[in-house]
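Before anything else, here is the set of structures, which you'll find just below.
Next come two complexes, and both contain chain A; in the first it sits with chain B, in the second with chain C.
What follows is the complex of A and B.
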């Protein structure tokens, strides 16, 4: 396992420039691209002159660009992500309040995606070129092609308005004790079964919407990987060696893992950007709802804060994925 | 001499004709073997044609609010208004038709900006290698460190809401994919004998890149463009749904869905039909992309040629 440790150190070192690059990119987007950065940071054309002066000083917009960049990096690392003109609070405080809702939604969507997507792909591979294979392909393609926000509205119409089975908006009721800020998990932890069912009902429609839009990619990758692995030479060899049943499946599964992990990491990106758009539809109080409200009220620090947060999460996930590769496949460590 | 020359042209024409009929046979075979690809092709052609002629083919004005229209606000779908009407009495069918043009223009513009940038950088990165490759790929990685839609949202918020800024933002997000695909292809092709031969006889680098290497990378490029056309339409509609892309009174599909949400759930047609238009269009591009990929896959192509 010594070489795993060395690999992690090397990978960490090579990730630092990427993080720096992402911060430079957000700096360019927020400080250089807007025609009038001061006005943008201050909250648009309605901002009063004295506020504009204050903003100019607070975000160091009166300094030369290279100095602005250094001060920006310093601010980001010291947790000063700006103050939202809307809520009048630091952006990081706002994000800390909204983030658990998005995290909860993403986790449930990711679980649904995995539980449904992997069997779908396996069935398609087993029944290759049959009617079921084609049907799965079409269903998956419809999920990939449908706009998530529209799907959300259609599902609301069916399950809330027409059938009256599920609530259309909000997160439900917060449990009496806050452990993680995730309602479903917290209601299990407090042992409140009724509340758990209520909150589960609330999260069902948004998470199904997000999971359905990501289903196509994972089902396809699982199908193709399974077909490739089963027909590959080392499986023939394993069979020739007399391996059967579980032992054989172990070989198949282990060799299918890397593409599946890659696609799952990718899906997290899809789920997060999907959440930004659909949280508005479900009045789901996460960072997506926060960001869309910010867009409509020209709350620029909030928009950039959410962007930066999602970028950093995405980098972190890629980092974890790379390490997972190394653990599964010794060749990666070389 | 003259006769034989003539004879050879006749022969050539004949050969071309045979080749052409073979191509046609192949296309017919594809249609028979893969109805899904054919459906994709029909949808995409329909979308492009509607995008071009749609605004001239509408019975009602998609943008202007008429006096008589006020009498028919939020009318459910009927014969005269197959998709119903909006809160100003405008015909939603005409507005959705016009929306096809907005999506077509947006996606085309994004491709026209993103593809050449990506292809050029990919060619340089793969061909020169070394420090050029390193720099280009690191920059590409930074752009790919964001989920595409999130980066596009931040960019178009900075540029100010509007169709043009949405197009620029989407182009900035979409070029890195082309760098990756072209670079991978160049790495394979540049080791081939004919490229080495061209280099050996002193063909200029630019000519090697564009005459010899690029044409051999066209298949994966075509597949990616087809898929991306769909994804850009989807992303563009998401931008206008949250209020960033095309601004009213331009009837963009995502915007129409957002507008219709105010009348949810009673006036269901308002949000439903624009979304259906997005779904069908994007599905068409995805089906076509799948089909092209299968067709270009030598294993598949051989199997249908042999059966034919």
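What follows is the complex of A and C.
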């Protein structure tokens, strides 16, 4: 395991330049927006020049670009991600409010994706070319090709309007004490069963919709890799050594996992970075919704904050993926 | 000598879109206790399929359609998967051709040996079995066995990997080791080491060996008896010295002329004209007929495998009394 520790340290170090790159990029992007944000914040065309000048000075926009960059880096690392001129609150506070909603959604749909997608793929591989394999193929195809908003509306129609089983929009009720900002988790932590069930009902439709869009890819990747592994020489040799049952499946499963991790990580990254459409349809106050509002009002401290957050999320997920690889596959630990 | 394995009229067919491939078509032979039996032939002659059919290791679209494989009086082909698994890796074990492909890259060398041991000993923990792995590594001259059991396949050389594969094959004191071209994927310098190792282990564990090869050098080095296969059938069967001194089948002669032969002076090496027949539309009669320089009309009828001299069988009208009308 000494190998793994060294590997983790090396990976961590190699991500530092990437983080710096993301920071510079967010900074540059937000400064090349064609519109003049200061005028917008000051109130549009009729804004008085003194006020525009004042805002420019307050946000250091009169300084040269490299000085602004240094100020920005300094601020980001000291936990000051700027103040949103729209909400008049620090961007980090806004993010802390909106992000748990997205995180919660991502965790639930990521779990659904894993516990449904992987077995689906394995079954399809083991029962290759049977009816169930074809059925799974069709489900997968619908999941990948149907637009997410359409799926969302259909599910709302069935489960809210027609069956009346599940609520169609919003996150439910926040529990009395806020631990993580995730309603479902917090209601478990406060021990409120009724609230837990209510909030679970709220999260079910959006997370199922999200999981459904990624299900097809996961199931197909699992199926194909499992088929490759099952027909590989080392599985044949394992059978020739008299292995069967669990001893044999251990080899098949572990080898099938490697490509799945990549796809799963990408899917979760996509969900985490704000599945904007889904959050809009379900009025889910997550980071996607926040980003759209920020873009509409040229709230560029917020835009930079969200961009940075998404960048960091992807870096983090890559990091976790790399470590998962190393744990599973010794050839990666070099 | 005691027979430990008897294969009778084995037939394996592969059902493909283009037609039925009769990969093994009525093969019979026996393996005696403590001997090394070689099966030689070109690629696609059915030698590997024969080897795998011995423990029913045939995959779809292949199917064993006939014959019997008697081992200790039991017909292996009648057994179910559970019973087969208890034989595979325990009494009959395999050494595969390419050790890089045969070992699971995600598990250590020692784990491969240890799980092979635990699969066949009820209640044994993997930890105990790993100690047994160290022992075996020691026996098969893997240097630094305590650390090598913890190595992953990619950290070992080809020769070392093949030693690990051999370790899994001898871990449960097998009666029969089936080695399917065990040196083909290795460097020439390593090949001799691996052959020596197999020879030595066979002696130490008292196992018999069925060696599949296309290399007549390996045959001369290792084998007590040889079976020559061509297009799914046995064409000649003899003790190794007799085969090299007095090959009877034109195909065997061709094979021997294609490599330097220590028993005769050859000025130049010759090749066998033509190619291995299409196994879906096999030639009528003797399957070697289209490539045979001595073919006559008699060869349109399939010759039987007959005993031409003591313990020397051949299937050819040239040596058969019936054929010399």
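Note that the second predicted complex is superposed on the first by the 304 of 334 C-alpha atoms of A that agree within 3 Å, B and C clash if a C-alpha of one lies under 4 Å from a C-alpha of the other, contacts with A are read in each partner's own complex, and residues count from 1 in each chain.
In the analysis below, a contact is a pair of C-beta atoms (placed from the backbone, for glycine too) under 8 Å apart; a residue touches a chain by one contact, two chains touch by 3 or more.
The structure displayed is predicted, hence computed values, not measured ones.
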{"item": "Fit-or-clash call for chain B and chain C when the two complexes are aligned on chain A", "value": "fit"}
{"item": "Which of chain B and chain C A:319 touches, first, second, both or neither", "value": "neither"}
{"item": "Which of chain B and chain C A:251 touches, first, second, both or neither", "value": "second"}
{"item": "Which superposed partner A:212 touches (first chain B, second chain C, both, neither)", "value": "neither"}
{"item": "Which of chain B and chain C A:237 touches, first, second, both or neither", "value": "second"}
{"item": "Partner chain in contact with A:72 - chain B first, chain C second, else both or neither", "value": "neither"}
{"item": "Between chain B and chain C, more extensive residue contact with chain A", "value": "B"}
{"item": "Touched partner set for A:41, first chain B, second chain C, both or neither", "value": "neither"}
{"item": "Touched partner set for A:282, first chain B, second chain C, both or neither", "value": "neither"}
{"item": "Which superposed partner A:150 touches (first chain B, second chain C, both, neither)", "value": "first"}
{"item": "Least Cα gap, in Å, left between chain B and chain C after the two complexes are fitted on chain A", "value": "6"}
{"item": "Chain A positions touched by chain B in one structure and by chain C in the second", "value": "none"}
{"item": "Complex contacts: residues of chain B adjacent to chain A", "value": "36, 138-139, 141-143, 145-151, 153-155, 157-160, 230, 234, 237-238, 241-244, 254, 257-258, 261, 264-265, 268, 271-272, 274-275, 278-279, 282-283, 286-287, 290"}
{"item": "Residue ranges of chain A touching chain B (in the complex, touch as defined)", "value": "17-18, 21-22, 24-26, 29-30, 33-35, 40, 134, 137-138, 141-142, 144-151, 153-154, 156-157, 160-161, 269-270, 272-274, 276-277, 280-281, 291-292, 295-296, 300, 303-304, 306-307, 310-311, 314-315, 318"}
{"item": "Complex interface listing, chain A residues touching chain C", "value": "231-234, 236-244, 247, 251, 254-255, 328-331"}
{"item": "Chain A-facing residues of chain C, complex", "value": "55, 57, 59, 81-82, 85-90, 93-94, 96, 98, 101-107, 112, 115-116, 118-120, 152, 154, 165, 168"}
